[in-house]
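Which chain is which? They are A, B, C and D, in the order written, and residues in each are numbered from 1.
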Amino acid sequence: MIVVMKRSATEEMVQQMAQRIENMGLKAHIIVGTERTVIAAIGEKRNGEQATLESCEEVDKVVPILAPFKIASVETKPEPTVVQVRDLKIGGDSIGVIAGPCSVEGEEQILAVAQAVKQAGATGLRGGAFKPRTSPYSFQGMKEDGLKLLAAARDMTGLAIVTEVMTPHHVELVAKYADVLQIGARNMQNYHLLQAVGETRMPVLLKRGASATMDEFLLAAEYILDQGNSQVILCERGVRTFEAHTRFTLPLATVPYLHEKTHLPIIIDPSHGTGIASLVPSMCHASIAAGCDGLILEVHPDPSQALSDGAQSVTPAVFQDIMEQCRKIAEVFGRHCS
Amino acid sequence: MIVVMKRSATEEMVQQMAQRIENMGLKAHIIVGTERTVIAAIGEKRNGEQATLESCEEVDKVVPILAPFKIASVETKPEPTVVQVRDLKIGGDSIGVIAGPCSVEGEEQILAVAQAVKQAGATGLRGGAFKPRTSPYSFQGMKEDGLKLLAAARDMTGLAIVTEVMTPHHVELVAKYADVLQIGARNMQNYHLLQAVGETRMPVLLKRGASATMDEFLLAAEYILDQGNSQVILCERGVRTFEAHTRFTLPLATVPYLHEKTHLPIIIDPSHGTGIASLVPSMCHASIAAGCDGLILEVHPDPSQALSDGAQSVTPAVFQDIMEQCRKIAEVFGRHCS
Amino acid sequence: MIVVMKRSATEEMVQQMAQRIENMGLKAHIIVGTERTVIAAIGEKRNGEQATLESCEEVDKVVPILAPFKIASVETKPEPTVVQVRDLKIGGDSIGVIAGPCSVEGEEQILAVAQAVKQAGATGLRGGAFKPRTSPYSFQGMKEDGLKLLAAARDMTGLAIVTEVMTPHHVELVAKYADVLQIGARNMQNYHLLQAVGETRMPVLLKRGASATMDEFLLAAEYILDQGNSQVILCERGVRTFEAHTRFTLPLATVPYLHEKTHLPIIIDPSHGTGIASLVPSMCHASIAAGCDGLILEVHPDPSQALSDGAQSVTPAVFQDIMEQCRKIAEVFGRHCS
Amino acid sequence: MIVVMKRSATEEMVQQMAQRIENMGLKAHIIVGTERTVIAAIGEKRNGEQATLESCEEVDKVVPILAPFKIASVETKPEPTVVQVRDLKIGGDSIGVIAGPCSVEGEEQILAVAQAVKQAGATGLRGGAFKPRTSPYSFQGMKEDGLKLLAAARDMTGLAIVTEVMTPHHVELVAKYADVLQIGARNMQNYHLLQAVGETRMPVLLKRGASATMDEFLLAAEYILDQGNSQVILCERGVRTFEAHTRFTLPLATVPYLHEKTHLPIIIDPSHGTGIASLVPSMCHASIAAGCDGLILEVHPDPSQALSDGAQSVTPAVFQDIMEQCRKIAEVFGRHCS
């Protein structure tokens, strides 16, 4: 790290700071500039020690040089991680598509959607059984009954089941039925939950928090990886900005940016990313062209009757069109879209 | 709510939508404008039903008229809620001040801070025993040992203990030692945790999520209130914006705005709200002048040695100055500052 | 518009408000709900009159029903506007690509880039002669000498010249050399400048301000259109959010969203939208897949020697690859990419 | 500045980069770390040269050490700048209050407001004659007639006139009538306008752009100062964030932060900063307590009849209460409030 001293720092203060850096087990390298002195600390660790230096009065700022994440880094593992469960394959040449309703609402609904998305080419089925809802008065999901219906849909179609787990003491239950454990955006920094899904060794789909930075996102993944679970899929689902015409702002530059920093696969959720069904097809196409490793999107047989997120769900017919275009775009890049 | 039809909606579509609204148990009132038709739905409930209408093809947008929260609303309870535990009193004429280190680091540290802040006039002691940290490699808190030290500090000083609980299965443990359960910003929408602290009937300090809207904030409080726990303190701790010169952006207009909408008391956390110790005094003064019901801030005997958040912690001497000025400002408004 | 009265509003206040609405030449329609009364005002104009009602004490909020822009609206003109100048064609089936350096730096540089981008398939040449720079100490552009070099590049290649004009009294000068007048993001709400370029009747490329909403963006276009100039190209170049790993956050959902609201063509600037050259190719591909009508991007023969924006400029070789992929993606949608 | 090389950079690349830095007239200091090499460049200038290094392939990032502004810096001039014109005094111990309507609407209105705010203790009168409006269909101001009315109000009351100038060719006209030239938030980076008001040597009130960083804000001031005009008042008027319950988000930490960086005085505009009249008094109190050097706020005799910004204007009676409280808060800090 680089410690930038204040202009007013005396030589004595600089020497004291250098000593303090050496006491941390680092090597201090003093550089006297024309206006300020900076100290380069060699041997930086990733344990937040630089923050303690920032609070010293004579220090102007501390600039870390290393990224704070390790296991997730391409510097640790250059080759892309591919997550595969049943026919759902995400990463490398494979673009995996996970589709289904926001919530499991009943047997007829989930089986109908499962068959429709399977037929259109999806290899994963999404559907919420435990639903994090902003209001305590909104539909909270069918819970274990919903999980059973998802399992029934898997039995019928072979689709891999992707469903959310909201709290550590549900992990065992959800893991019994699911193929991929989803961590929602609101829980991206629920560290006990991250550790709990890390312990399962099952594939985890980690959604980016609505105002998480890239470092925070990768450090959340690091909590899972650090438990010995290497099966993490990152999911960009839009960030909260001043834009109000869409539900969130969907920054597709996340895809190439993360591909430069991490070996973990990156998928896009254009349903939450826009909140508006009519914008979803274009954003699916754009995501594939941006180089993402998969999509997760909301498909409902009758969006206007959905118990949640109807406004952002597409119909099976629209989903089929999306898949056709996405396959063609994937081909341009020598990839294939499940 | 008001359902705004698309310009292209035919009369038949309007009639169908009106019928659908009536089927929800509401009264539909059709208003034919010069360019569009809107339907007023009378008898609106707060269960998110309007979202389902938004997904109908012929609908342009749906505008809710009622706020989505109930128990937290001034319309339900006009008089301010006062939360009191030991000498800490927050709400009404009383401005309660909670001070202490980011983390409990050891006996000597916590007892020294407790005495210092008590002497300066604080009536609550903050200190993290379970620490949510962005990186899995950072100091995670002293856990139960930290809670015991907080209890010891209370025994010595009489200060009310405010400390964070991070996951539902820790609620019982933390409740054994704490006077006020703190929900951190990262967990504002951890609904199982909100319900768990709601069940305790203990005072809860609920921090605003870094990108939570006012409605989301009040609905998170509503999850706690809905369990029968009326002792909720709202805490503004800054929001994430494009501003990078401070750790977060601290919007003090939250104070008068929330006072118009809810009877719950509102306190400010200027330490996280700025992230820079030298800005904390001014923001304490400004918070009191803005009409807040309390402050929570980080005080450390030697910020440069703090294991976390040193850069935003003030010394006991600075804290004493802050208290003196705050008391004078409170007097201008006929309030008193603990 | 819909005027939502406060819960405390008496019947008399409602009647007074209704009268006031009628005095504005609108028809007031009172709807008494279970908790509140709302008044629908029929015949709404687009002159901001609703804002005056919002300041009445008994009013809770005023909800406009109509979009505030007129000439730019698809409701006014459903068929897409195509802007064509020389071989640069933007809109409809045509995707126009404008490429070139951030700044004109000298004859050799601009002619070399012009030939390179022409050869790769661009039909427009960008290059700044008047440069808006954040610091007064940065390179401010070659001014008229730069314009002359752009004109020379056009003579040699036939490329349409796109260059920025920063202030009304330069419009005449820039118009003498340019084919398309560019309004930069910082000037999106420089209304005198918008009117001045509106008066020219030349094609105008209007960049979205870094924190402009869609309504503000379209109203800025409306200032130009309102002068009788229908040749407006909208350009999304990224918005300012909390994200700091890219220069701006590039929201591609702007493309399908604007296509639903306006007939004006929409192009993307992935160079400013990301600020990082290695992310530019993916974002070009994604933009085409999202359905944009064109691209404007920075190409420099030696980015590391550029006088401005080198970090986001791609080389001619990279640009050629981008064009090849973009053409293939355009074909998937039955469009062609210049 | 510090040039951080990529991990993959070879020793040869490092040497080349060092050479390049030396060629810029700087001294290169190579520091070989455990994972990366960094080069400290000593003698950094403020002309943006570091940006050109960022585009070199082997460079990971470039960290500037010096702030980019000079004349505005406390390092250049430690003592606070006080701007005085007539009885309006802003800076040092003096808190100046500028009040008046959003727009000049007519003789009766402006004279009535002027007398009322004078009587309550204001020493400056605000009022727009040239109005930047988001929509071309909104009221655009009374132009020169408005300026004449402002001058008449000054003649009657002695208040200093603060009014906006929108474009360079109006500077001479506005300067004829005004005491302080206001640059609006939309024009903060209208560099030709900044230079034009810089040339006048009159006091300039520079509003922060809605998404401007602190560096951008101070560099905009630097454009004015660089013309030899030292009379610049900085004005925080709120930033655009995801918050939608207020018109903008008002970050009062701007006040102590800027006081640490610049000698220029800082005032607050709580009217635009909130957009809601009922929040304005609290935000005035908080601004004074935060240490600001002045206020500019909207006062209208009958806000519900205002032609612009009625929703955020307070009445003369409310303004008088605000002034009384503000004076008491100022006293706590040993300052006086005009």
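Criterion: contacts are C-beta pairs under 8 Å (C-beta built on N, C-alpha and C of every residue); 3 or more make two chains touch, one makes a residue touch a chain.
No experiment lies behind these values; they were computed from the predicted model shown.
Engineer: Any chance you could name the chains that touch subunit B and subunit C both?
Structural biologist: Both-contact set = A, D.
Engineer: So which chain is farthest from subunit B, going by the mean of the CA atoms in each chain?
Structural biologist: C
Engineer: Just curious, how far off is subunit B from subunit A if you go by their C-alpha centres, in Å?
Structural biologist: Inter-chain centre distance comes to 26 Å.
Engineer: How many angstrom between the C-alpha centroids of subunit D and subunit B?
Structural biologist: Centre-to-centre distance between subunit B and subunit D: 31 Å.
Engineer: Let me have the rounded angstrom distance from the C-alpha centre of subunit A over to the C-alpha centre of subunit D, please.
Structural biologist: 38
Engineer: I need the residues of subunit C touching at least two other chains; which ones are they?
Structural biologist: Within subunit C, residues 211, 240-242, 244 contact more than one other chain.
Engineer: Name, in rising order, each residue of subunit A that touches subunit D in their complex.
Structural biologist: Touch list, subunit A to subunit D: 2, 4, 7, 29, 31-36, 38, 40, 42-44, 63, 65-66, 75, 240-242, 244.
Engineer: What residues on subunit C touch subunit A, complex-wise?
Structural biologist: Residue list for subunit C touching subunit A: 211, 213-214, 239, 241-246, 249-253, 255-257, 260, 273-274, 276, 278-279, 281-283, 285-291, 325, 328-329, 332-333.
Engineer: In the complex, go through subunit A and note every residue touching subunit B.
Structural biologist: 46-48, 51-57, 68-70, 132-139, 166-169, 186-187, 189-193, 210-211, 215-216, 219, 222-223, 226, 240, 277, 303-313
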